[in-house]
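Working notes, beginning with the structure itself.
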Amino acid sequence: MPAIEAKNLSFTYAGAEKPSMEDVNLSIEKGEFVILTGPSGCGKTTLCRCLNGLIPNFYSGELRGGLLVDALNVDGRSTAELATHVGFVFQNPENQLFSLSVERDVAFGLENLGVAKEEAILRVNWAMKATGIFDLRNKAPYELSGGQQQRAAIAGVLAMHPSVLVLDEPTSFLDPKSAEEIVQIIAKLSRELQLTTLLVEHRLDVVSRYANRVVVMDNGKIALNGTPREVYNDKARLIGIGLPKVTMLFHLLRKDGFDVNNPITIEEASVELKRLLPQ
Amino acid sequence: MISTENVSFHYTAGSEVLQNVNLEIKDGEFVAIMGENGAGKTTLVKMFNGLLKPSEGAVLVDGVNTREKSVAQLSRDVGLIFQNPDHQLFAETVAEELAFSLRNFGFKEDTIQKRVTSLLTTLDLKRYEKSPPFVLSGGERKRVALAAVLAWDPKHVVMDEPTIGQDYLQKDHLRNFIVQIISQGKTVVIVTHDVEFVAECKPRVVLLSRGKIIADGPSAQILTNEQVVEQASLVMPQIASLMKNLKNLNPPPNIIDAYSARRFLSGKLKGELEARAPAQRR
Amino acid sequence: MDSPIHRLDPRAKFILTLGFFVAALMFTNIIALLVIFFIQVPGILLAKSGKRWLRSLRGGLFLFIFIFVMNVIFLTPIVTSLGFAIRFLAIMSAFSFFFMTTSADDLGLALEQIHVPYSISFTFTTAVRLVPTMAVDAQTVVDAQRSRGLELDKGNFMKRIRNYVPILIPLIISAIRRSVELAEALESRAFGATEKRTPIVILRMKAVDYLVILATFMGVGLALYVYFKVPLPNLVIPIQIPRLF
C-alpha cells in the first residue's frame, strides 16, 4: 500500500480560470525520499496542500480525483485530523512559530490535539533532541537563526508523529551552509524514522544525493518522474529546472562528443573523471 | 563611485553591526556583497542611499558625503531594490506603481508616461499595465519592484537578495538583465548568498563576516578560497569543489562555473583519447 | 528579563494592578493619589524596569498635561486638577507595570486558565508577539518608499497625510499575507482540533502569589478606611482663575 497515492488529481483555485494542477497520478511508497520540483507556478505547492487538507479546507476551489494518504482517503477530512498523518513545514520560518519559547512551540501541535501532558513532554523532548535543538528549548524563537527556526518547525511537526513529511522550499530563506545542514537533518530523520518525505526544492545540487526519486512538474502536470539520474536529462533542462552544476557540466561534455555518464553529485563526477583520466 | 571610509555602525552602543569597513566601488562595476545572515550586508547597502548614516566614518557617493544629502537626493543616483516587493507595492495599477517614484523626483508628466510605457515593454509587463500589482505572482511582483526602481534610471543599482524565491529560469532572466544594464554603464551591487548565481555572473565579490570585510576580489578567486568561504557561512560552487577533487589533473586555478570546467576537461579528455588511439590502431 | 516580580503569577499581578486601579479611582485628594503613584516605585525597581517605566511615563506626558489643562479650564481647582492628572498617571503606570513584567505567553496561559475561549487568548498573545515584527516591517516599508523618493517630512498637512498611503497599504498587505501564512501553519498544527487543549505548562499559584493577593486586599481595605475615616489635608493654591465663560 503506497504511503501517498494520487489518481487523476486536479485542482482549480476558486476564481481561477484554469487548473493549477491537472490529472496528477503519483504513487509514493513508504519511506521514500522524493524531491518535487519545477518552475514557479507549476503546481508543486498546490499538490502539497492537497496532502494535509489545506486544499480544500483552507483554499477553496474545485478538487477532483482521488488522494489516499497513509491508506486514508483525504476526502472530507479536516486539516487538523490529517495533521497527525502529514507534517507540513513551510518556507518562512518566521510565520510558523507560535510561542515565546522553543519548547512550547514544539509542543503547540500536541497541545492542540489534546495529548496528555506527560506524553506531550516526552514527545517534545524527543523531537527537540532528534533535530538538535534541545539546548535551545528555553530560548525565544525570534532569538534563533533561520536554520534553528526551521529545525524548531520540523521538531514541532515531528512531535505529532506523522508518517509523511512535506516540506515546501524550507531552505529558501537560509544561507547555503544552513541549507545544507537542514537538508542533512531532514534526510537523516527520514531514514531513521522511515518517514515518507516530499521535499519541494529548487536547489537540486544540495538535495539530489538524498533522493530516491525526483518528480518534475510543469504547468500543473507531472512531466518527469524517476530517479535523479533518469530525470536530469534534456527534457528537464528544457522545462527550466536548475540541474546540479556537475550534471550540467557532463551534459556539456556529452555535447562535445564524449561518452560520459550522468553524475548527480560531486563524488560521482570525481569518480567518473578519475576513471576517464587516470594519471 | 561609492566609497566607505572606516565605516562603523551600531544600533545600540556595544553591538557593532559594521566595523571599520573600507570599500570602493567604481562606476560601472558589478559587485556581489556576500556573507552569512546578520553579517551586516543589508546595513551596509542602506548606507549607500543614506537610509542609515554611519556611526563612525563616512560614506561618499560620487564624491559627496551622504550626511550632506537627503535620502531622496541620494536615491536619485542610487536605486535600492528591497528583498520583499510587498514592502513597496501599493498603487492601484502597475503603471501607477512605476510612475510613483518619477512623480516624487519631479519628472514631467509626458516624460513619465514615456518612461513607464518603455519600461513595461522592456520588462515584459505590458499586459499588466492596468492591473493592480497585488494580483500578480511572486516572480512578477519582483519584476514590478525592479521596474519601479529602474524607472528613474539611477546611475547605481543595488539589489538586496534578488534571487530568493526565484526559480532557475527567472534567475537566468535576472542574470541577462544585469548584464544588459551593466553594458549601459550602470554600477550594479547585489547582496546575496546565492553562490551558484554569483559563480555564473562572476562579479567582484566582497565577503562580510560579523561586520568586517574578510575578502574582496574576483569571484573566481574568493569563492575557491575554502577558508573565507567557510567563515562567511557559504559553500563553494559545486564546480569549484569538483575541481578541488581533481587536483592531480592540474586544472587552472579558479574554475567556478560549468563552461570553464568544460573547456578544461574537454581538452583533457581529447588529449586522453588521442593518447590511447595509437595503441588501438596497432 | 527575570526578577521576582516577573516570576509572579500573572493572575496575582493582575489583581494587584486592579487594586491600584480601584484605589486610584476612589480618591480625588492629591496626597492620597501621590502615595498610590509612588508606592509602585519599589516594585518597579525590584523588577529592574526603572528605565522602561520612565519611558512609558514620558509617553503619558501628553495626556497628563491635557487632563490637567482641561480640568483647569473647566474651573476645577488647580490642585485637584493636578490630582486628576496624577490619578491618570498612577493607573497608567500600574497597567504598564503589569504588561512590562508579564510575557505574552504567560498572559495567554493565565487567560486560558480562567477559561477565556482559546481563540481569544491566542489572538491576543499573537498580536502582542507580532508587534515587534510589524514594527520591523513598518520600518522596512518606510525605508523602501523613501528610497523611491518619498519625503515624509515635506509638504502641507494634506500632502503629508496622503504621503502615508504608500506606507499604510504595503503594511496592511504584508500583515494580511503574514496572517494567511500563519493561519496555514496553525491549521497544519491541528489548531482547533479539540476544545480541551492540554498545555504543557500550567500556571500554579505559589505562596508568594497568594501573599501578593492578600497584600492587595489589605491595601484596598486600608484605602477604603482612609477614604471614609481619615481626613486628609486639602492643599489649596490660592490662584484665581479668570472666568473665561
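Which chain is which? They are A, B and C, in the order written, and residues in each are numbered from 1.
Please note the rule applied: a residue touches a chain if its C-beta (ideal position, glycine included) is under 8 Å from a C-beta of that chain, and two chains touch if they have at least 3 such contacts.
Note that the coordinates shown come from a computational prediction; the quantities given were computed from them, not determined experimentally.
**Q** Determine which of the two chain pairs, A-C or B-C, is joined by the larger number of C-beta pairs in contact.
**A** Pair with the higher count of C-beta contacts: A-C.
**Q** Would you mind checking which chain's C-alpha centre is most distant from the centre of chain B?
**A** C
**Q** Per the centroid of Cα atoms for each chain, what is the distance between chain A and chain B, given in Å?
**A** Spacing between the chain centres: roughly 29 Å.
**Q** Roughly how many whole angstrom separate the Cα centroids of chain B and chain C?
**A** Chain centroid spacing, chain B to chain C, equals 44 Å.
**Q** Out of chain A, which residues touch more than one other chain, so two or more?
**A** None at all.
**Q** Of all residues in chain B, which touch chain C in the complex?
**A** 46, 49, 51, 70-72, 75-76, 79-80, 82, 84, 86-91, 100-101, 104-105, 134, 148-149, 152
**Q** Tell me, which parts of chain C touch chain A in their complex?
**A** 103-105, 126, 129, 132-133, 178, 181-194, 196-202
**Q** Going by the contact rule at the top, pick out the chain A residues touching chain C in the complex.
**A** 52-54, 57-58, 79-81, 83-84, 87-88, 90, 92, 94-96, 98-101, 103-104, 107-117, 120-121, 124, 142, 156-157, 160
**Q** Help me check something: in the complex, which residues belonging to chain B touch chain A?
**A** Touch list, chain B to chain A: 36-38, 137-139, 164-171, 193-196, 199, 233-235, 237-239, 241-242, 245-246, 248-249, 257-259, 261-262, 265-266, 268-269, 272.
**Q** Flag every residue of chain A that touches chain B in the complex, lowest number first.
**A** 38-41, 145-146, 169, 172-178, 180, 202, 205, 240-242, 244-246, 248-249, 252-253, 256, 258, 266, 269-270, 273-274, 276-277, 279
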